Amino acid sequence: MINKVVATAAVAVADIPNGATVMIGGFGTAGMPSELIDALIAKGSKDLTIVNNNAGNADTGLAALLKARQVKKIICSFPRQTDSWVFDGLYKKGDIELELVPQGNLAERIRAAGAGIGAFYTPTGYGTPLAEGKETRHIDGRDYVLEYPIHADFALIKALRGDRWGNLVYRKTARNFGPIMAAAAKCTIAQVREIVNLGDLDPENVVTPGIFVQRVVEVPAEAKLIASPGAAA
Amino acid sequence: MINKVVATAAVAVADIPNGATVMIGGFGTAGMPSELIDALIAKGSKDLTIVNNNAGNADTGLAALLKARQVKKIICSFPRQTDSWVFDGLYKKGDIELELVPQGNLAERIRAAGAGIGAFYTPTGYGTPLAEGKETRHIDGRDYVLEYPIHADFALIKALRGDRWGNLVYRKTARNFGPIMAAAAKCTIAQVREIVNLGDLDPENVVTPGIFVQRVVEVPAEAKLIASPGAAA
Amino acid sequence: MKRFTRDQMAARVGRDIPNGAYVNLGIGLPTMVANHLPKDREIILHTENGLLGMGPAPEAGAEDADLINAGKQPVTTLPGASFFHHADSFAMMRGGHLDFCVLGAFQVSVTGDLANWHTGAPDAIPAVGGAMDLAIGAKRVYVMMEHLTKKGESKIVARCSYPLTGVGCVNRIFTDLAVLDVTSEGLKVLERAPELSFEELQRLTGVPLIDASAALTAEPVVTQRREHA
Amino acid sequence: MKRFTRDQMAARVGRDIPNGAYVNLGIGLPTMVANHLPKDREIILHTENGLLGMGPAPEAGAEDADLINAGKQPVTTLPGASFFHHADSFAMMRGGHLDFCVLGAFQVSVTGDLANWHTGAPDAIPAVGGAMDLAIGAKRVYVMMEHLTKKGESKIVARCSYPLTGVGCVNRIFTDLAVLDVTSEGLKVLERAPELSFEELQRLTGVPLIDASAALTAEPVVTQRREHA
């Protein structure tokens, strides 16, 4: 029998080694797998490369992982937020490496990793400082920049429901990076609000097929309904 | 008010000109928009370039369009089937041009068009006759072939339900090329079994957001439930 | 000189967005356009974190942390909405499916180059988000900004001094002083603030302008979007 | 010489597919493997037209034209199944997410080149379908074919004379005479048909073989798939 369900977040992240590249889902706090991040902090893996849209908010979640000095490098599109003081401090002291990627290129590079694409030409960023030193090409009247996939060893994502095969559905805009990160990592760990019986998810509505998910851990919903407005995307 | 619903298949295809590139959804007959194809035959547009996985089955649908001599060229992955006699005859007489594309490259080239990707490196086909003359590149230990997007003027697809904004859901494996063709064409025409009220489709389960669809026409289900087994993919 | 107010600017942008358009409103000033879209038009808002058919902010107490916009503020959905993941969302932009985006800017050049993501200050923490994708991704890119910096320098420039967001991507500029089109012939002034002469606008702006305001009619100048029946 | 029957070949392939594996079975002979998967294992079948969790053929009268496999034959779904579009389906292959695919072949070379889509006959209508994607897309590619052509020529060759499907992509070959691994040292024979000597197999095959059948145990030689707890 296939059973990807693991008992706790701690068990789920127990083999994330020092130096791993870890994708973390979420856009701001929507879709952020907070309990998996907390487990990773408890585990204490060091020298991580983190892929996320942002660089942490306030003092919890991704920001707490940074604060614990477990992160060597972050690949993201929008580190600066009104409450990104943890990142800001590390960055200004030169204690964290930043690879800044336009958000759509970040998404497409993650998608390319999952889809086995070797590289792709994107118009985004052409002629800007973020394309400096990159290969370019004029195709059919338009200028493009060559971008490469971002692969990961682990992805930590958050979904609404999952089953023992790892099939997932998400909730509203908390879907964001979950499906593409799931496909881009060698080992994808999903925290879900509820584990359901195999067959309870309608095959028409499964968003992430289980083939992209290696571990599922149930974390019932907390009573956190208010969005915390930060700065821009 | 936005209303993409059109009254008939004939109205929906009325402006498809001679020489257009037209994507047609479906894998064999599953998802094939038969009534839209029939309308295109009645309209009589000539010199079409057709993009489809196959090259028609028996004497109806895409095969009938070929038989009506409206197609100059077909881009597909698997033209030869046990019942592809219409295509076979045209091809052997040199009356139709064939661009043969591995199925996954076909899907990815269509997806690239919809996603604004200028070109991409794919491992599929490397070292084979279908990559002859194409640019290749060695990336991170693997060999890739450079492939370009396939854009279309029109896409004719079939879905299960649609609303007046053009949101679509599909049925089982009839989904196949629908979502990616919808995004790759300038004008996408969807025939749906049922038009539903705006808001009846759950936002979590919409497969093709209406932004990719320009026209929707209702064609209630026919009583055709038996698959017609052909040859391979 | 009477400047257009921010509400007037937002309403002016709204007039140039036709019925049926798919629109992304950038963070900051452009967000105000949502409140000024003509009531007789159905316009579908996209937010790049994964939603089409975005509705207004929820009432107090009805916020949902899983339903936010690109500015991470709580929003709602309209009937007809759909959710999708980030790669699909940015495919909508990069693939040219959005009809309009409205962006703020630090500078716009006469050839439509846009600078809106980075002041270039050496100690600033860089952050780009979806700015570059929006700049190159919509069929028509509208910029909405104040005409002059606080020091009185024109934000419409011969060549951007700030780091670029996109090259030649801006189509129309809405400022508190004028509405201008970026064309192959140069910047065409479509409208001026009340009591502002073309000559005064030219003097304030510094780069050569073409006076096309005579061509204005009472009707908004709209761009046709991809046809549907 | 006793050859393995087609059912024996299918069962032998099935033994080498571990519990939890994601598998695509090619059209033709490989389809038979579905009937020979060990009952105590849960194995998830992928069909590239957009379904994971494919079940067996439906009963007569229960066919659904919208629920078919890559061979366009009616199938069913198992609990846990999911549907997806073609780009996502081939991303599963190209991205290396499938653990195994089982393919038929005209020829396999000693270095694992595969030829299975085209005989090269000048009047043949070419058709490739998903063959090339499958060949390069699975973590492990199994080939299942008769060892010899009808004329008695080995289908395992030094160099394929038919047009290639993929370069160096085959991991293991299951024939009616033997089971062989493609390795950097050469072709290793893991099993031989009953009463077939290594020397006779070597003579029939024509290309150099390495006798590794001594290393065989009663347990199937399986490859570990990506771990999950």
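The chains carry the letters A, B, C and D, assigned in the order they are written, with residues numbered from 1 in each.
The rule we apply is simple: a contact is a pair of C-beta atoms (placed from the backbone, for glycine too) under 8 Å apart; a residue touches a chain by one contact, two chains touch by 3 or more.
Just so it is clear, the structure is predicted and the values come from calculations on it, not from any experiment.
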Reaching chain B from chain A through chains that touch each other, fewest steps: 1
Euclidean distance of C-alpha centroids - chain A vs chain C, Å: 29
Calculate how many whole Å lie between the centre of chain A and the centre of chain D, each centre taken as the average of the chain's C-alpha atoms. 35
In angstrom, rounded to a whole number, how far apart do the mean CA points of chain C and chain D lie? 55
Among the residues of chain B, which are close enough to touch at least two other chains? 108, 115-117, 122-123, 170-172, 203-204
If a residue has to touch 2 or more other chains to count, which residues of chain C qualify? 51, 77, 83-84, 87, 90-91, 93-94, 137
Which chains touch which? A-B, A-C, A-D, B-C, B-D
List the residues on chain B that touch chain D in their complex, please. 27-31, 53, 77-81, 87-88, 91-92, 98, 100-108, 110-111, 122-130, 143, 170-180, 207, 224-233
Help me check something: in the complex, which residues belonging to chain D touch chain A? 19-20, 22, 42, 44, 46, 51-53, 77, 79-84, 87, 90-98, 137, 226-229
Residues of chain B touching chain A in the complex: 108, 112, 115-123, 137, 139-140, 142, 144, 148, 169-172, 202-205
Please name which positions on chain B make contact with chain C in the complex. 1-2, 4, 6, 11-12, 113-117, 163-167, 183, 186-187, 197-199, 201, 203-204, 206, 209-212, 214-215
How about chain D: which of its residues touch chain B in the complex? 27-28, 47-51, 63-68, 70-74, 77, 83-87, 89-91, 93-94, 113, 118, 123, 125-133, 136-137, 163-167
